[in-house]
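Got a structure for you, written out below as structure tokens; questions coming shortly.
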Amino acid sequence: MTGKTSKQAMYLRMITASVARRKSRMLIALLAVVVGATILSGLVTIYYDIPRQMGMEFRNYGANMILVPADSTQGGMTRESIDEAASHIRSDELVGVSPYHYENLTINATPMVAAGTDLEAVRATSPYWYVEGAWPSKPGEVLVGLQEAETFSLKVGDKVTITYTVTGDDGRDAIEENPVEFTVSGLLDTGGSEEKYFFISQEDMESLTGKELTYNVAELSIQANAERLQEIADDISSSVPTVSPQVVKRLTTSESTVLTKLQALVLLVTIVVLALTMICVATTMTAVVTERRKEIGLRKALGASDRSIMMEFMGEGLLQGAIGGLFGAGLGFAFAQLVSTNVFNSSITFRPILVPITVLAALLVTGLACTIPVRNATNVDPALVLKGE
Amino acid sequence: MFFRMIRGMLTRQTGKMAMIAFTIALGASLATAMLAVMFDVSDKVNQELKTYGSNITVVPKESSVISDLYEVDGQADITKAYLREDELGKIKTIFWTFNIVDFAPMLDARMTVNGTEAPVVGSWFNHHLDLPTGEQLDAGITSMRSWWEIVDGRWLDEAKSGDDQRVMLGHNLAEKLGVGAGDTISIKGSASSGSYEVAGVFDAGGDEDDQLFAPLDLVQELSDTDGKLSSIEVSALTTPDDETSRQAAKDPSKLTIAQYETWYCTAYASSICYQIQEVITDSVASPVRQVADAEGAILDKTELLMVLITILALLGSALGISNLVTASVMERGQEIGLLKAIGATDRAISGLVLTEIVCVAIVGGIVGFGVGLGFAQIIGQTVFGSSIALKPMVVPLVVVLVIAVTLLGSISAIRTALRLDPVEVLHDR
Amino acid sequence: MSLLEMKNVYKTYGDLNALDDVSINIEAGEWVAIMGPSGSGKSTAMNIIGCMDKPTSGQVLLDGQDISKLSRRELTEIRRDKIGLIFQQFHLISYLTAVENVMVAQYYHSLPDEAEAMEALERVGLADRAKHLPSQLSGGEQQRVCVARALINHPEIILADEPTGNLDEKNERIVLDLFRQLHAEGTTLVVVTHDAEVGATAQRVITLEYGKVTSEDGDISFGKGSSAIK
């Protein structure tokens, strides 16, 4: 077929010519679609990522699960049993584990309580600890709770001798005393009971007591909702018999209340923004198509059926919808990413499923937006349109 | 003639004008709703975060130094310091009184319950207060311990007769004693003793599971500590503390007057603590960092999130409006060409088209503003169960946005239309 | 049998009779001009002949088929298959090139054929302008593209509404020469105009006034035609 072009090829040629040569109008319509699609994909991505991202922020409240020895008469938990319990938590859920060994000690024969702990881990599990001065970083440094600092009149940089008394088997008679000098590296301000203790590293505690440490309690900060936490707790208590996990109800209950509200907020905002944007997109598309009444009249005069005109304009609208939707999906992800890095300092997971959804929604809106004005235009008498306004 | 032309456009091209007005209304309502929600979101989320309980504790001055020093029982320590119950109401008289959403007095004691020694806490449950300001408030631990799960029986209700002689037990203690709701237990304090009915057993998931909670008056009577309190828990809406406010709180007297006023008149946890100390004799109020800091972080994040979403929405509505305005001005290229052909100056044409569009924009903007407020209220009611307070800032922002966007959108399109040769436009494009 | 036959056609808009008992016969291969002042009803007649409008009453036979009672859809089909339209304002699709504009008519009619469309443009002397957009063409060139578009599907009637109304003298002559050529090849031409000079080139002039046929001249002279208009 020399020179013959198929109907489909001509159809494509007309549509692409319209898109390519009516630049300013096309740009307007395309811009409208891109904005709509960006908002759709961006907000939906954020909506789905809110629980994870915000959940991380709620870890600022500190440990939401604690491990205590299953049988307190048998002494504390070993490091191994704590680690084993922690291994039941997925690594992406676990924010931190800090074990505490509490010991009654004395300073100048005045009793006080000190905790030996993994100070690095504490910074993850208790981000709200406010330290005046510095966290202990080398052996022989101690962090002092604000109340105890007042009691013992301690300031940052002061030296203090902490004494461990080795008792006999009956736990009464002092057999031997082991004094060690510590430097106060910082004062701990929490507004809570932590201010009543001294904190030193596990290694210092071991050298002070001369025993291998067992722990009275371990604090776990886990990024999970209440049900998942309970699941983890059940899992640990059935597989690690030496420890007894307890969910900190105060945090989990409140967290689910607040998170639910936040997610509902973003959902509603998304719905309102989307509904309004989509209508905006539709009106713009409508305005752009309405402008072409004359052209529609001409095509009718040339013998185009209503159906083929509908097809051409829909085809054009859908082409814009597809291009705009694709762009918008990309831009929306970029926006979500921007929000995520700025607000939560973390990157967002890309959800491939959102691309087809965004494109489909864009197609739907542009399709609908074209239908009404094109139908109105095809109902007009071609003779009237061609005569001029 | 100018007005006649505008009137003609507005009244005879109603379809097109209605569409522009509609789009502007949509954009304006979107902007209004988002701005209104954004400006109020931190207050709303702050309210929600109150479920975490108090973020400020008030203790007697001496107690903060010597409490728990020898791990002695409260009753044995004769030097124990107390706060005064009659000063409680003063908490609601401080500068930031409206930010104090809840508070509960606490009186700790150790008593013998059914022969076993147990920690007893006297407090308010849902204590009804009629404040001199006319404000009404139900303060106490019913709302400040919202995470307690009642495993047996019910919450104590101070409005119910007879409940002033009932108590609540932590579930560990209840198990230890082998009692449940409805049972009667005997409590022996340092001053007197009596038998009381258990109203409910709760699971708090913490230390409180080993404690007995009773109405404040009852504990005071049993331990002969009439009018005395061990501590006060306060739940306040606060602005997250920053480094400067922390420094300021350490020694407010060192601040300049201007600094002091800024700090004092900002609802920092530290300045509210300072104000509480001013009204409660010999007290030390300190923020509970676990709650206050996390609250601060979450509030900051939520606000930032909403700001970014709002910016996106504003951009969306701005583009939506300017887009449509541009499209509708372009559509009138022929008309503009005609006006030019019959001798209108560019300025006259721009003036005409802009006046029309601005007229429409004003109508659309006002309608949109109203609708936007409606959307904001829907969001507020659905999510937070309370209405969104309209900050005055929203009005000028929306007005500026709508006018700027409409003008920008139409000016660029008018310029394009004016550049065209009238002959070309009139013939055919 | 005539190619087109209008029998006692009325077209009424409210109280106004745009066409008042009009009967016209047009034979195949004829070149007819319909003339008359503004408001004489010639545009209405053109719309009815061009299958873009239906008479209020009366019969219109095209190729022996009564088209006065057809639906809009059926009219569209007839228009597509049998009529080539030329307008005063050209009406080209602004974003399509000259050859593509011609191809649009093929597209709605049957199959687009670029070679054939090029031939048509060659015929109107525009082969070298085929890839230009309407905005890059002069008025005369645009109208010639319209002529090419009108004849591409070999219609039974080419219907032109003031085809030279927007053209200068030189372009007018080119277009009229094209019509003459088409006529010589046996194409039926109906030209609606109020320009006596254009009317004079036709074989036969039908004059309308107030919706009625006032003269139907088989072989008018230049002077006679022009006086009839006044």
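In this document, chain identifiers A, B and C correspond to the written order of the chains, with residue numbering beginning at 1 in each.
Here, a contact is a pair of C-beta atoms (placed from the backbone, for glycine too) under 8 Å apart; a residue touches a chain by one contact, two chains touch by 3 or more.
Because the structure is predicted, anything quoted here is derived from the model rather than measured.
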Check: Measuring between mean CA coordinates, which chain is farthest from chain A?
Finding: C
Item checked: Most centrally placed chain, judged by C-alpha centres -> A
Check: What is the distance in Å between the mean C-alpha positions of chain A and chain B?
Finding: 22
Item checked: Separation of chain A from chain C, taking each centre as the mean of its C-alpha atoms, in whole Å -> 70
Item checked: Gap in Å, rounded to a whole number, between the CA centres of chain C and chain B -> 74
Note to self: By the touch rule stated above, which residues of chain B touch at least two different other chains?
What the structure shows: none
Notebook entry, point to check: Going by the touch rule set out above, which residues of chain C reach two or more other chains?
Noted result: 89, 91, 94
Check: Where on chain A does chain B make contact in their complex?
Finding: 24-25, 28, 31-32, 35-36, 38-39, 42-43, 46, 54, 57-58, 60-62, 111, 126-130, 147, 150-151, 189-192, 196, 246-254, 257-258, 261-262, 264-266, 268-269, 272-273, 276-277, 279-281, 283-284, 286-288, 290-291, 335, 338-339, 342-344, 389
Item checked: Residue ranges of chain A touching chain C (in the complex, touch as defined) -> 2-7, 9-11, 13-14, 17-18, 20-22, 294-295, 298-306, 308, 381-383, 386-388
Notebook entry, point to check: Can you list the chain C residues touching chain A in their complex?
Noted result: 43, 47, 50, 52-53, 73, 76-77, 79-81, 85, 87, 89, 91, 93-97, 100, 103-109, 111-116, 118, 133, 149
Checklist line | Residue ranges of chain B in contact with chain A within the complex | finding: 19, 22-23, 26-27, 29-30, 33-34, 37, 41, 45, 48-49, 51-53, 56-57, 64-70, 146-147, 149, 203-206, 246, 286-294, 297-298, 301-302, 304-306, 308-309, 312-313, 315-317, 319-321, 323-324, 326-328, 330-331, 334, 375, 378-379, 382-384, 416
